[in-house]
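Pasting the structures here.
Across the two complexes that follow, chain A remains constant while its partner is chain B and subsequently chain C.
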Partner chain A sequence: MNKQRKTNLIFWLFLAPVLFTFIMVIVIPFFMGIFYSFTNWSSSARADSTLQFVGLANFKNSFQDPSFIYSFIITSLYTVLNVLFINAVALILALVVTSRLKLKNIYRVGFFIPNLIGGLVLGYIWQFIFNNAIPALGNIIPVLDFLSNPDNLVLSKVGSSVTALVIVGTWQYAGYIMMIYVAAIEGVPESLFEAATIDGANEFQKFKNITVPMVAQAFTITMFLTLVQSFKQFDVNVSLTAGGPSAIFRGTPLFGTELLSLNIYNTAFVKNMLAEGQARAVVFFVVLVVISVIQVSINKKKEVEL
Partner chain B sequence: MTENKSRLVVLEAVTAIVFLLFLFPFFILVINSAKDAFSITQYPMAMPEKWSLIFQNMKKIWTSENIRYPSSFMTSTTVTVLSLIVINTFSSQAAWVLVRNNSRISKIIFLVFVAAMVIPFQIVMFPLLSWYRKIYVVTGIKLLRTQGGLILSYLGFGLSLSIFMFHGFIKSIPYELEEAATIDGCRKDQVFYRIIFPLLTPIHATVMILNGIWIWNDYLLPLLILGKGNKVQTIPLAVANFAGAYVKQWDLILTAILMAIIPIIVFFLFAQKYIIKGMVAGSIKS
Partner chain C sequence: MVMTALTSLVFAGGNNEAGTSKGATITLMQNKPEIDGALKDYAKIWNEKTGNTAVVKSVGGSSSITLGQQLKADYAAGDMPDIFIIAGIEDYKEWEGIILDLSNEKWVKETSVAFTKDGKVYGFPVAVEGWGMAYNADMLSKAGIDPASLDNYEAYRSAFEKLDSMKDKLGIDSVVSMAAGPEMGWVTAHHNFNSLLSNGLPYGDMSVVNQLLKGQVDMKRLNEYADWVELLFKYADKAILTTGNYDAQVGAFATQKAAFLHQGNWVDPNIKAANATFKMAFAPHGSMHTATDGIFVAAPSFYVINSESKNIEAAKQFLNDMVFTQEGQDFMVNKAGMIPAYSNVKLNPAGQLSKSVQQWAAEGKVYSWNQYNFTGDFRDLTLAPIYNQFANGSIDKAKFIELMKKAFEGLK
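Then we have the complex of A and B:
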């Protein structure tokens, strides 16, 4: 009995710091956030004394605001493109750096490096490249002189700005995803390939029938990682385009490349509609939960098949 | 055979070109950090005339009243190191009692931590600020605009994944080891700090690298907790403030970025193998 109590004491003592912090930083703000999304919460000093329940008004207003709908569409587009490009590039790079190239270890490190540097800083470097370096290329190489025309600046149009976001996203993240594929490919037993070679399989057959199925499990991980990472993108968005250039959607002028995270931030701090920004964050959370649930159920199915 | 070999040579050449293109942004960054404002905008693709200009630009950033590089560097370092210490200490001991205690409450607590990984920062960020403000009003403890508040927040947002990773690792340590120590008269808390803690070194390294890179580069959390125009700022905040204030002064912005990147690259080159391994292991487990 005495011993049991002692074990319990250690149990709670060792858990106390994380439980306390978890409740302080996650649990309380999380429930406050859900509560506030149904109120007229504002950033004014007397917000608490005038706090009123407004039902679903914040959600209704959000879905009636063209900038939120537009942001949802552009974020989905960005996410799909980003996931496709990152994974395609990462898989190709992974195949290359697991082949018999002499410098493969240097390539691995080099492709990985952009991932170590924050999106904010990377975004500024690329802003300089798109706004200054590429037009200068047009001045140097006569065939490319259309690049130096100010009308052709990459970040001056919505379509090419989204492309720019995808380029930077792929550049930043492909090396990381590549390493996950590399780990999966190197985990395939050599004996499988040897047996296939003896049976007379060519390189493509080996890739299709051994590498792809063996790496399939890694796909669920990389898809999920890139999906969530793209959907939450904020840093590169702020530093590369800051939401610009402007666009017109349903007759309303708005930011052409404002992804959801930035839209939530701007709603709360620039437009000063804290409660509505919070309601959008709740919607954002629900979408992420749905994505995660789908991911987990796909994973479970795969495990059964294996 | 010769056909195979020549194909390999072609692949090597193509990869080398792709590799150089991939790192080209860094090249652009370095050459333009060694130019003045005029030649940057006129000839961004040209090699610099005087490489020594890079040191003059760096000195300007180092002494700039706006970016305050030395103090930003100190803040980033302090926040990152202290956050890693608290995250690793508290998460590993929590994971250990959660693994070794088979009660239902222990399982529920672990599940809650795992489930919390889905919660995006965006849904907690606004209420977190108002909550910290309330704490200040009631208790006088300042969590906003201070390093302490930032470190507490990093522990909060980092602990779920960290506990999860420690949990997986500790499960693989045989329990007999602890039984033997208990028989030899070791107290329960001593078992952890003397026997288990040293065995966790590889997973400590992984958790530190994962969290370290995240915390060092993070922008949104410091922006909200420390705020704009605060004396206390991290490097990403400093770069953002600086780039906002000097919209077209690319000579200074690029040098500031170069100086923000150098510490990570140096660190990476020293611990390259562990970093890549750690980050891949972390992703697969999450």
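Then we have the complex of A and C:
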């Protein structure tokens, strides 16, 4: 009994710092946020700034705003592309660095390093590459002349800007996802491959019938991580494209690569409508939860237990 | 361009000398990254003289991170600075509840451009600023263009055409350095937009602004303005126009790759840093077919004191010292290169464009800054994408006019 109590005490003692932080910076702000989304809160010292309940007005206004709808569409598009690209690249890299390759540890570190650079810095570096380095390349190499034509600037069109976001997103995140795949691939028992080799299976058959089902657990994790990461993309969006270039949606000119997080930020801090921004964040949260629950349950079904 | 310098300068202790209050710490938040270093140096001198500490925070330089956003976050966190910046009536309304009445301050008598509301003085003008079309005088004389003739659309059109045909001879890439990219909405939807609002009107005339705010559009004025925007975009370097940032835009002018620059006198320090030695000055905007002989000059931003501050006296002293001490004046004019808004300050800034603004102002040929009568939201999220569409070539002039008209009609 005494020992039981002591174990309990130690349990809570170790948990306390994390629990305290979690409650202070996640749980309380989360519920405050939901509360504010039903009010006219503005965090300013306006003459008429008393806190009032406005019901569902913030949610209604959000769905009537073309920029919010547009952000949803462009974010979904970006997420699909980004998830596909990151996972494809990460899996290929993982297969490469788990094969019999010289210096494979150095490659692993090299591919992982972009993940350690902050998204803002990364965005500015790539903005320089797209705006200055690539056109300069066009000036030097005559064959690539078209690159220096201002009409072909990557960040001057919506379509290519989304592609640019995907490229940078992949460059940043593929190394991290690669590490998860590497761990999973190395966990596959060698005996399975040996048996397959004896049976005369070729490399592709081995990959399809052994590697893929055996790393299905990793797929659940990587799909979840990349999905959430892509949906929440903010820092690279701000620094690389700043929401531009503009587009016209339903007759309204708006920012063409304004992903949801940036849309929420702009609503709150540029439009000065903090409560409405908060309402959008709540919608964003609900959508993200639904999508990831669906994704995880689908992926779970495909996992195999050995 | 990472222009967000959020650094602080804390000098604990310090020698105590003369001064009305001692040992207080005030926080000042301002939006001019280009004077951040000079202001921090001055804060250090002020600390040595008065024993008070001033912590300087600078936010700004791009439209993605602005002072207003930082203030909102700080206000929500209960960490509002003691002195901060407002840029006119819309900002004033945002912070009305905590802005201190400064009518009885000593500096009020020395300036004519303080921020006032209902007869009370609230804002300390930071500087007088102005913009027009900055031109490279050496280049214009080489091309045989008289800058004095540049005061209407037709004069600009023929000048741009002539310069464009002499590109190789002059060694320029484009005629005018203009930016309309996603981060540069403040050049188009704030500054250029003001040509529509105040060009050719008596100083302080709000007739066009009030009409537009009511959703009434003067189509003749808008059409002429659209011609002007089209002209600027047509003769700009397309790479800088669509994706360039502030550095790229100012750099093209400073390195003599463009004959004109669509910016204000705040570029003086950048141009100096680029070691540009050619002669330059401002010409009026050509947004109308009739001649408009003047540039846009105003005190656009004001220091205000937070009435909930614990160190109001020290904050007031900081502002007074800037105007009435030698060190303060030296900071404003020589170190920060600003045009002083105070009659007792006899120093003159060294920058050529600042001098040009002073000259236009001395002749009384000035038009007001009216863009701050529109909300930041309207300028940054509604107008900026329209300019960007036009710059990218996604829409033509007729569509530009139509979208602008629709945007104004949405205001009522």
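Here is the rule we go by: the second predicted complex is superposed on the first by the 265 of 306 C-alpha atoms of A that agree within 3 Å, B and C clash if a C-alpha of one lies under 4 Å from a C-alpha of the other, contacts with A are read in each partner's own complex, and residues count from 1 in each chain.
Note that contacts are C-beta pairs under 8 Å (C-beta built on N, C-alpha and C of every residue); 3 or more make two chains touch, one makes a residue touch a chain.
Because the structure is a prediction, the values reported are computed rather than measured.
Novice: Comparing chain B against chain C, which has contacts with more of the residues in chain A?
Specialist: If we count touched residues of chain A for both partners, the winner is B.
Novice: Tell me the contact category for A:S67 with respect to chain B and chain C: first, second, both or neither.
Specialist: The second partner, chain C, only.
Novice: Looking at A:P150, would you say it contacts chain B, chain C, both, or neither? Reply first, second, both or neither.
Specialist: After superposing on A, A:P150 lies in contact with chain C but is clear of chain B.
Novice: So, does A:Y124 touch the first partner chain B, the second partner chain C, both, or neither?
Specialist: both
Novice: For A:V289, using the defined touch cut-off, is the partner it touches chain B, chain C, both, or neither? Pick first, second, both or neither.
Specialist: A:V289 sits against chain B, while chain C stays out of touch.
Novice: Just to be sure I read the superposition right, which of the two partners does A:V25 touch: chain B = first, chain C = second, or both, or neither?
Specialist: In the superposition, A:V25 contacts chain B only.
Novice: Considering only the touch criterion stated at the top, classify A:G169 as touching first (chain B), second (chain C), both, or neither.
Specialist: The answer is neither, since A:G169 touches no partner chain.
Novice: Classify the contacts of A:L274 with the two partner chains as first (chain B alone), second (chain C alone), both, or neither.
Specialist: Both partners.
Novice: Going by the contact rule set out at the top, does A:F234 touch chain B (first), chain C (second), both, or neither?
Specialist: So A:F234 only meets chain B here.
Novice: Which partner chains sit in contact with A:G243 here, chain B, chain C, both or neither? Use first/second/both/neither.
Specialist: second
Novice: Just which bits of chain A does chain B share with chain C as contact spots?
Specialist: Comparing the two interfaces on chain A, one with chain B and one with chain C, the shared residues are 120, 124, 238-239, 268, 274.
Novice: Of all residues in chain C, which touch chain A in the complex?
Specialist: Contacts found on chain C: 1-2, 62-64, 66, 68-69, 72-73, 75-76, 93-99, 181-183, 237-239, 241-244, 248, 375-377, 380-382, 384-386, 388-389, 392, 394-395, 403, 406.
Novice: Which positions of chain A touch chain B when the two form their complex?
Specialist: Result: residues 6-7, 10-11, 13-15, 17-19, 21-22, 24-26, 28-30, 32-34, 36, 96, 99-103, 106-122, 124-126, 128-129, 132-133, 136-137, 140, 171, 176, 179-180, 182-183, 218, 221, 225, 232, 234-235, 238-239, 261, 264-265, 268, 274, 277-278, 281-282, 284-285, 288-289, 292 of chain A touch chain B.
Novice: Please output the residues of chain A touching chain C within their complex, sorted ascending.
Specialist: It comes out as residues 43-47, 49, 67, 120, 124, 130-131, 135, 150-151, 153, 155-157, 238-239, 241-248, 251, 253-255, 266, 268-272, 274.
Novice: Any idea which chain B residues touch chain A in the complex?
Specialist: Residues 8, 11-12, 15-16, 19, 22-23, 25-26, 28-29, 32, 40-41, 43-45, 86, 90-91, 93-94, 96-98, 101, 106, 109, 113, 116, 118-128, 130-131, 152-153, 155-157, 159-160, 163, 188-189, 192, 213, 216-220, 236, 239-240, 243, 250, 253-254, 257, 260-261, 264-265, 268, 272, 275-276, 279-280, 283-284.
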